[in-house]
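Encoded as structure tokens, the structure appears first; notes follow it.
In this document, chain identifiers A, B, C, D, E and F correspond to the written order of the chains, with residue numbering beginning at 1 in each.
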Amino acid sequence: MLNKAKKVVVVTEKILLDKVVTLAMAAGATGYTAVYANGQGHRGVRSDALSGHGEIFSNVKIEFITARPEVAQKIIDGVVSTYFGNYSGISYVEDVEVARTSQF
Amino acid sequence: MLNKAKKVVVVTEKILLDKVVTLAMAAGATGYTAVYANGQGHRGVRSDALSGHGEIFSNVKIEFITARPEVAQKIIDGVVSTYFGNYSGISYVEDVEVARTSQF
Amino acid sequence: MLNKAKKVVVVTEKILLDKVVTLAMAAGATGYTAVYANGQGHRGVRSDALSGHGEIFSNVKIEFITARPEVAQKIIDGVVSTYFGNYSGISYVEDVEVARTSQF
Amino acid sequence: MDVLLEFFHTFLTQFQTPTLAFLLGGMLAAALGSKLDIPDAIYRFCVFMLLMRIGIQGGMEIRGGDIGAMLLPALFSAVIGMTIVVLGWLTLARMNGVKKDDALATAGLFGAVSASTMAAAMFMLEDEGIYFEAWVPALYPFMDIPALVLAIVLANMYLSKKDGSTKRVAIWPIVKESLQGPALSAMLLGVAIGLFTRPEAVFEGFYDLLFRGLLTVLMITMGIEAYQRLNELRKVAHWYIAYAFVMPIVHGLIAFGLGYVAHVLVGFSPGGVILLAIIAASSSDISGPPTLRAGIPTANPSSYIGSSTGIGTPVAIAICIPLFLILGRWVFDL
Amino acid sequence: MDVLLEFFHTFLTQFQTPTLAFLLGGMLAAALGSKLDIPDAIYRFCVFMLLMRIGIQGGMEIRGGDIGAMLLPALFSAVIGMTIVVLGWLTLARMNGVKKDDALATAGLFGAVSASTMAAAMFMLEDEGIYFEAWVPALYPFMDIPALVLAIVLANMYLSKKDGSTKRVAIWPIVKESLQGPALSAMLLGVAIGLFTRPEAVFEGFYDLLFRGLLTVLMITMGIEAYQRLNELRKVAHWYIAYAFVMPIVHGLIAFGLGYVAHVLVGFSPGGVILLAIIAASSSDISGPPTLRAGIPTANPSSYIGSSTGIGTPVAIAICIPLFLILGRWVFDL
Amino acid sequence: MDVLLEFFHTFLTQFQTPTLAFLLGGMLAAALGSKLDIPDAIYRFCVFMLLMRIGIQGGMEIRGGDIGAMLLPALFSAVIGMTIVVLGWLTLARMNGVKKDDALATAGLFGAVSASTMAAAMFMLEDEGIYFEAWVPALYPFMDIPALVLAIVLANMYLSKKDGSTKRVAIWPIVKESLQGPALSAMLLGVAIGLFTRPEAVFEGFYDLLFRGLLTVLMITMGIEAYQRLNELRKVAHWYIAYAFVMPIVHGLIAFGLGYVAHVLVGFSPGGVILLAIIAASSSDISGPPTLRAGIPTANPSSYIGSSTGIGTPVAIAICIPLFLILGRWVFDL
């Protein structure tokens, strides 16, 4: 009843949420789940700032589940080439097993 | 020191948090971790609404770690059959390796 | 283009966020991503309390991606031995595949 | 003729009251794609303050007053709430392309009450200098709960029959869940505090002081929300739009009629009759939806929340408030 | 006999003050399973406003006044805070089934101060027209910090001895962490602003204006929290319940006595004596717990937070406030 | 000599106004490692209230007044905004170690406007009893948008040329994004409400009542934020520090000059001239950064946000407000 699928995770700047989702949907994703996050990487600490900069100095973690490995690769490639030159962010893939594969 | 275990993830409507946790505990889960989330799937966009509907139009992501694969399967089956007919949601499993297995 | 790496996940008390991050960085982590979380384990329910106790009775979920398995092991060992005697918490590892390995 | 002129005049004046202007402003801002956004914590605090203020005042009034006078209006409130649900079953639920359970959920929300619409109506009456018993807003649960319970019971009876199953719906859990919701809890806590303690100073210096302003903040939020929920309605049958436009007026008229009976029988004040009509015309936006989502899981929330928040509330505030003010003036010669 | 009558009368009146009513209302709502909930952002803002208001007023008073008068009461505050911890060590820590480190953490919280209890006491005195020096609330840190430091030091000495290790506890980091906490920071910032600038207009038109109302919101929150923490107490020894019921009164009496000495020696006002007693009777609910969680990691937070928030605060507000008011009236013949 | 003395006196007095004191207090608290923290929801609500209050008042004034008088000041505002960007290009962008796109983003922020600095200046003028047309704050978007648009267009032209590409920048999306941002949306909504409805009661009893107090809360937040952003500046060239210290004064002087011309030509009030100078001296802290992050993705936010929030805003409030007050007094003999 469970079938193999890929989970692509993108952690990046909050202001990119809509753009990354649009990119992934165009690449064939069928949905996403997003949570706000703090973090630190090679571009420094990123935490919920108090002011309007909250959008700029804090992160969002976006997950895309897809049954098609080539879609996963396309999302990662697209995000890295389009955004990770100028914006903070990381991206990785995990193996998962989904119920109701037809959804993804 | 690390031992294989399963992580069951359920992303669904916020109002189902308590119910899904109860179902999973009855199925043998020993704990859970939950975060609020936005998202989109085949039932449309679900984001933190402003009003009281926040409960209805936004999501929660619940994770159950269990050392027993049959518990994982039972949680997924229970959630899918009990709730996913009428409520938005997805569910999947990942392989993890836990410290202190006796806890799970 | 994708390379194997480990994701260490630590779910513990909110007040330990800074300390666990410092420990992990000292063990060789190159960054982290953190979200606030509710949960329940063998020490009871932990949810966003109303008052200043929010810090004490709610959780944080911290993730460290590292390309070096021995760093993953070191983080887990350190957190378990330093904190999990007196504080609530769990820790586990997952296999992931990262883009741009040089970052981790 | 005069009445018509007066209607348009009152109507226009009402459009200039800040309450309505803030609602329309919120809708307009959302329509223009503005990122204006009242934080959720502030929204919830505004609701809390509003209902505490209404509750405390009601409690202080009941303390001083004659509780017996509340009995008939309370009974009528329950009758109105249930009548609205039955009406929805006889109209909306029979339409083409409308699922029976969606229709009942919608009728449940329209039978239930909107605290912010009620607050806006209270202001209007105060501004116009029209007296009403301060316990009238405390009729809220007497209309709200019977409507929600009846909608859920009917929907489950219908679904059981369709499935051929015979499980019964427990009523008490629904009542309990309603009473425990943040809206009704705050109002009941306010009533208790008004009834048993001496909150006059903090009532005037805080809850009442900030009431009018916080209502404007709430109105902006409701406006933004209304616009967003309108979008949901695109996905469902057009009958919801017709229902949500027309029925608040019908519901208000029914309540006005019963209120008039109470006026004649037990001296219910003209202001109370107007307020009761607007309470009936209003549709629930805070406490109702979660109760229905749990109580009628098969119903599509886009249909009932879209109808209520997207159309019902704006219609209640923009049309029903001036309408029943004029009707009251005319009937009671105010 | 008269005194007893008066006690019951004051006690009853106190039950009708909104402050206490809101606390009990919050407890009751939580007990009845209500989903009433003050958003965390609002709660934290209320605490901020309260402590800024207290701080600014204290600062303005110190600016105009005689700082020397503060010396003895400040010294006594530190003595009281430390005495409370020692008392806890001699009583609670000796009981059956009570872990020594849990007992010390609990005594630390009871030696520390609750800003909201203090604010409630200030209101009561203002309502009763009893004067107190506006710098009295600024004694807060002088009692709070020594209590927390001593509790942590004693616990760590005890644990080291048990382990046979000899590591010493650094005191300055604990003091620093206390001062940097959101509660004390806000109060000290307020003191600085009151001392060095002219904040009269904004004090009266904002901080003081909203103080009383925001305190009621805080009280509801404390009530909900108290009920939830009571549950935690079920898991620990019954001695915590006895301690949390009885000791606030004992702590208040000690402070009343020392305050009386200051009254005789340096003219500390009767209102100041009463307030000092209530500050001592109060137990920390905001800043203390995180400091102790970090400082005594082995102690079970359910025990000390359950005792303080679940029982200590309600007892301080419901019993100690009227009690020390009456005692003050009687002793000083007010 | 007298002028100098007066400068120091005004300067000192300004340091004692709560507005500045709260800003410095916030910076100091952050510098001392305090965990004092205004919840994000409260911060956003303060910004909303401030801009609604400013907008409503502007709208009410425009309703009653002569809109023609706004034309020249509005035109000058646009000229000032764009001049500031060009100046940045001619100065900061030429410095060693400064990336051209970082410099343009920084100049864009300094050409844009800080609502909180503007609000602080309005208070100061009201406190000093200096009249200004209530529509002056509504000049905000006329300076803000042209500055942001020009900075983004120039940066993209520069980057395209460097790449050898020839893509053009669409201007309308930038304007739209600015207008849709939470800050400008709130102000424009306020203007509309002030213009078309009768919000006098709620304006006085709520928005204006809480304005001064909420500004102090905002100032604490800006202070904490300023300190944190100062840290970011350590990573970038020192020229940013020099620019952020000196240019607000230069920008203010340019605006003062143009304002004086408007004074002579169309009778723009002395208070209006002073306020225009301070608006020009201010640098954007809320709406500008996200627009620039999206519009000039290659620019390093640490450089421009560090300069603006870390230095620009404190300089505008602590130095430019008293400076232009004195200059105005002296020039207009107030």
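The definition used in the following text is that contacts are C-beta pairs under 8 Å (C-beta built on N, C-alpha and C of every residue); 3 or more make two chains touch, one makes a residue touch a chain.
None of these values were measured; they are calculated from a predicted model.
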{"item": "Chains contacting each of chain B and chain C, listed by label", "value": "A"}
{"item": "Reference chain C; chain at largest CA-centroid distance", "value": "D"}
{"item": "Chain whose Cα centroid lies at the greatest distance from that of chain B", "value": "F"}
{"item": "For chain D paired with chain F, centre-to-centre distance based on mean C-alpha positions, whole Å", "value": "42"}
{"item": "Chain centre separation (chain C, chain F; CA means) in Å", "value": "41"}
{"item": "CA centroid of chain A to CA centroid of chain E, Å", "value": "47"}
{"item": "Centre distance in Å when chain A and chain C are each reduced to the mean of their C-alpha atoms", "value": "19"}
{"item": "For chain B, residues that touch 2 or more chains besides their own", "value": "35, 94-95"}
{"item": "Residue numbers of chain D (touch at least two other chains)", "value": "37-42, 182, 209-210"}
{"item": "Touching pairs - complete list by chain label", "value": "A-B, A-C, A-F, B-C, B-D, C-E, D-E, D-F, E-F"}
{"item": "Chain F-facing residues of chain D, complex", "value": "15-18, 21-22, 25, 28-29, 32-42, 209-210, 212-214, 216, 220"}
{"item": "Contacting residues of chain D [partner chain B, same complex]", "value": "37-38, 40, 43, 47, 182-183, 221-222, 224-225, 228-229, 285-287, 289-290, 293-294, 297-298, 301-302, 305, 309"}
{"item": "Contacting residues of chain C [partner chain E, same complex]", "value": "13, 15, 44, 48-57, 86-87"}
{"item": "Chain A to chain C touching residues, read off their complex", "value": "9, 11, 35-42, 59, 61, 73, 76-77, 80, 84, 90-95"}
{"item": "Complex contacts: residues of chain C adjacent to chain A", "value": "1-2, 5, 7, 21, 30-35, 65, 94-100, 103-104"}
